[in-house]
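Next up: some structures, all given as structure tokens.
What follows is a pair of complexes built around chain A, which joins chain B in one and chain C in the other.
Then we have the complex of A and B:
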């Protein structure tokens, strides 16, 4: 700690402030969870109550048995897994080359990856509709995963480049002296050292696909529809089924929230890496 | 940046590869000379070619699925296109751009995009910095709370948008109800968060702020940990009180970190789509129609892909220009970033 810490009475005030901030910050999702356990009617009662008067799983049963919902959950997982795998396969060698060989092409490449982040999704998404149609992969999880990779790949390259930066060059050199080829040095010596970084990158690539909406809206219609689209449709398709919406939203969000809690140390590292190193 | 920080200290080399010609500079020399003396390496490719080979798959992917669509998108902006697949395309030069700039909808949406981005970034920064300072003041025992604070980052924007629409909805929204019970409102129906055109643009920004303030907090907190203790100690000894310490010491030292956090969030906020779409669909009376929504609608609902592409191209160019200018300002090569 570096002298920004306080002691004494102010500390108590600060803890109280923090508690207030956390309650405010946590309330929206807690209210979502509480609503999901109300009856569908109570979920939209006037005036609203915070706690359910009668706890029930009705919303979960109805939301999960609704046509298209189980399929959408499966599609979300399949799309995110394909996209994550593809991002890693493409990003790891590219990031390694950028950090190790420092060629002008590598410098151009990493700047290009950064610029990709600034492109409005619609500018890529709209033409992709026709490109996917020409490739015959409209409304497939694979096609959507390709589109999601356009978001996660630049991010993955940046993250992996930061992790490779932290590995000393001497490690690869030693491996080569011991008779490894350059590819073997990467695969057998360097990658095992950065498995933590690969895991962080995988989480971010997975989340990018899991939470994505616009590509899914443009590129899927029936077969490959992912859960965010189905959640969004709850309002129009089924009238105002807020109870069902909250249940499905909870089912969709809780796995990734738990993931955060378990892997928070790594996730913080990934989030703050680029920004703090400057 | 890389070449200076990466030149390795000689000591470390000697540890890992005693006596071997393992330093990067020597390796490059050896590779280019292809001379004898390195009999163990079977090198068919130069390092440069090898690097290119490793980057090629990712490069080809980005070329095929980002660059090529973008080229087509920009090309479309010069055509009048029938929305029906396979319909006629007529070259119209800059007519779509003229139409875009003349359209009031485009001008208003541009202003709204700027306002929305400023609201999001300003509030996220203020709240994010306040919480980061709070965490620093409380020290290591706040770590559990830092984790809890992070949870909205993982939630899908579409879920956040719907959730807040539910919280703010006119007749049975819990926010108004709680404000009413706390005595802050005369009736639970007093504030029409999402249906009053004069405040809707602010209301739709709330979920975005809720979702990503923790990102700013995390980044600034990490930056705060890197401030050397003696700097703060020195300021304290000089009698600086907290506000002065904050504005004259902490914020200037955090400047590069703040800038990166704001740029990242600014870009994302300016591109916000689903979070607004799901709350208001651009309404009421178009008061929350930002550029991304306008372009999407012009393309899909109004069936004018050419005009939408022209609007999108302008949007793209402005985004790139602003972001590159901002990055150039922070990343002054060899500047004060370290």
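Then we have the complex of A and C:
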């Protein structure tokens, strides 16, 4: 067997594995999409059918015209954007300081930030409700975004720290030689180098807020209710509107897909940042 | 499309744009806005009521009338059933709930009892007389009434009139079983009819019509069967703490429940309410025992849409028995507007009949059920009345651990019981030990 044949077979195996992985990851979403085009009865048939026998947009019409859905979509966007912005604004300087100054307290801080991720979300539910109420920001997008930031911030700091680690200190020194202050070096020199990392961190922070359920359940009522809560409302104790639920879930996936496509070159750049270090 | 992997340096203009966007977002954030409507927390002329998604429609006409008559706006905060318990639990434990009234599932009352205000003054003799006995019992925890029923459900019998009224079926059934084919009223008839209708209707050698279903993934239907068998304290006696699940009545009920498996579709251990409903709507079941509200919720494209009959829940040796599925309006002790909240609860009771014309179409008062019983579209009401009035329609035990018992003991036990070769008596003994460990 020559090398060309071996490479050909390896390629086939790799493509087969890739296809299998794609099917594994993609099938639930494709099934959700297909279900959203089924009639109400077919959407809940036993045993389930993969393809609709009769394609319909009925689920989309009923889901999008349901009271509270448009407002919830707007609230989800506003909350996720605020939370992402807050995460970045806080995580970038924190991670930069930790990686550049390398103090013992910085190391304690970054480990402590990770420990907060280990606390079950429900455990902080009651205190958070109390704090938000005292601050007068329950049922507001800002209050919910603050809560979401407590989830995304530790991960954002860790991610940004790993990206900053990949940037040599000499770059900062060169900027300072050219007359930059520490903050100017960060803003004008280092951040442009880690744009990909910032994009990756932004996506993680955005997704953490976009899909979050428990804090949204505990901290919102009418004004700031987000879409995950509205989607869950399609299942009540008295029935399951599976078609409507899948239709709204499909619509809710669109911004995330668009965001990922829009930022994909930064994501790839971010993921490979530091891969050739040294 | 070729991926670019080299990071691009944002231009000065782009960075200024990012900074401007961040400022704008911060400005939006500081306004604390959300776009979903008015403030739910409220001024003096607003009451906030948290309610499960399916129940919002039930309360809307009452809230509208309340606004019209009193000027007070009632904000109905719709939350998913799966999260409502956590939300209420968290808010009650915080000591400063953001809601004034909560619509609570019956099984939560005892768990939340410490945080709910007594409503004893609303329970006059007239009120008690107009409520089903099981609901009055259920509303009372630690000798105080802590909830007012706002709507109630119960399982009743659903059957396909096209099959039951078919002349050939009638003749064949009577020839085989010696009595006329009609909606079953007791265990034996239900068993006979389930057996009779389980068949291959298209001649392909596969059974495609089943007499009934057997639900293994939910517990309430078996609990109703336990009451039908004559048990006065299903699962446990909440007052004495005795666990009764291994009693003769429980075993008799479990034996009967699983005796229907040959006439039910396979996969019973995973069958829940939604699955059962779907099988019936697809025309795969001749009968099912199901919650009464479903009569008004048949999808238009169901093959049985115009062929559904309803009757009271079947009777066991002790008579008809169901499990009341009531929801109660309760007022938190720490609520800021207790008096106004109680006034709304009383108003909701007085205008309970308004909920009949909603999509769910359930009420709580006997008089509200009776007023609509003769009307077209409310054929399920007489069946609900008979079932809810039956002496063996008993509430679930008032214990704060009930949900844990259901999730960790009852459903797993039923799922084992519907598997081939299950030893029912041993399963009940095992369940008894598990429940004792939970409650003691």
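One rule holds for everything that comes next: the second predicted complex is superposed on the first by the 222 of 278 C-alpha atoms of A that agree within 3 Å, B and C clash if a C-alpha of one lies under 4 Å from a C-alpha of the other, contacts with A are read in each partner's own complex, and residues count from 1 in each chain.
Just so we're on the same page, contacts are C-beta pairs under 8 Å (C-beta built on N, C-alpha and C of every residue); 3 or more make two chains touch, one makes a residue touch a chain.
Because the structure is a prediction, the values reported are computed rather than measured.
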Which superposed partner A:46 touches (first chain B, second chain C, both, neither): both
Partner chain in contact with A:185 - chain B first, chain C second, else both or neither: neither
Chain B versus chain C as contact partner of A:29, first or second or both or neither: first
Chain B versus chain C as contact partner of A:80, first or second or both or neither: neither
Per-residue contact with chain A, leading partner among chain C and chain B: B
Which of chain B and chain C A:214 touches, first, second, both or neither: both
First, second, both or neither for A:147, with chain B first and chain C second: first
Touched partner set for A:121, first chain B, second chain C, both or neither: first
Which of chain B and chain C A:205 touches, first, second, both or neither: neither
Chain B versus chain C as contact partner of A:196, first or second or both or neither: second
Shared chain A surface residues [contacts with chain B and with chain C]: 44-46, 89, 122, 125-127, 130, 133, 213-214, 232, 234-235, 264, 268, 272
Complex contact set, residues of chain B against chain A: 2-3, 6, 8, 12-13, 15-17, 20, 22-24, 27, 40-42, 47-48, 50-55, 57-59, 61-62, 65-66, 68-70, 72-73, 76, 85, 131, 133-140, 142, 145-159, 162-164, 166-167, 171-174, 177, 188, 210, 215, 218-219, 222-229, 232-233, 236, 250, 256-257, 260-261, 264, 267, 271, 273-274, 278, 291-292, 295-296, 299, 305, 308-309, 312-313, 315-316, 319-320, 323-324, 327, 330-331, 337-338
Chain A residues touching chain C - in the complex, by the definition given at the top: 39-42, 44-46, 68, 71-72, 74-75, 78, 81-82, 85-86, 89, 122, 125-127, 129-130, 133, 137-143, 145, 187, 192-196, 213-214, 217-218, 220-225, 229, 232-240, 264-266, 268-270, 272-273
Complex contacts: residues of chain A adjacent to chain B: 1-6, 10-11, 14-15, 17-18, 21-22, 25-26, 28-29, 31-32, 35, 44-48, 50, 89-91, 93-94, 96-103, 105-106, 109, 112-128, 130-131, 133, 146-147, 149-150, 153-154, 157, 165, 168-171, 173-174, 176-177, 179, 181-182, 207, 210-211, 213-214, 228, 231-232, 234-235, 242, 245-246, 249, 252-253, 256-257, 259-261, 264, 267-268, 271-272, 274-276, 278
Residues of chain C touching chain A in the complex: 3-10, 15, 21-22, 25-26, 28-41, 48, 50, 52-55, 75, 77-83, 86-87, 90-91, 93-96, 98-99, 105, 153, 265, 274-275, 277-279, 281-282, 284, 291, 293-294, 297, 299, 301-302, 360
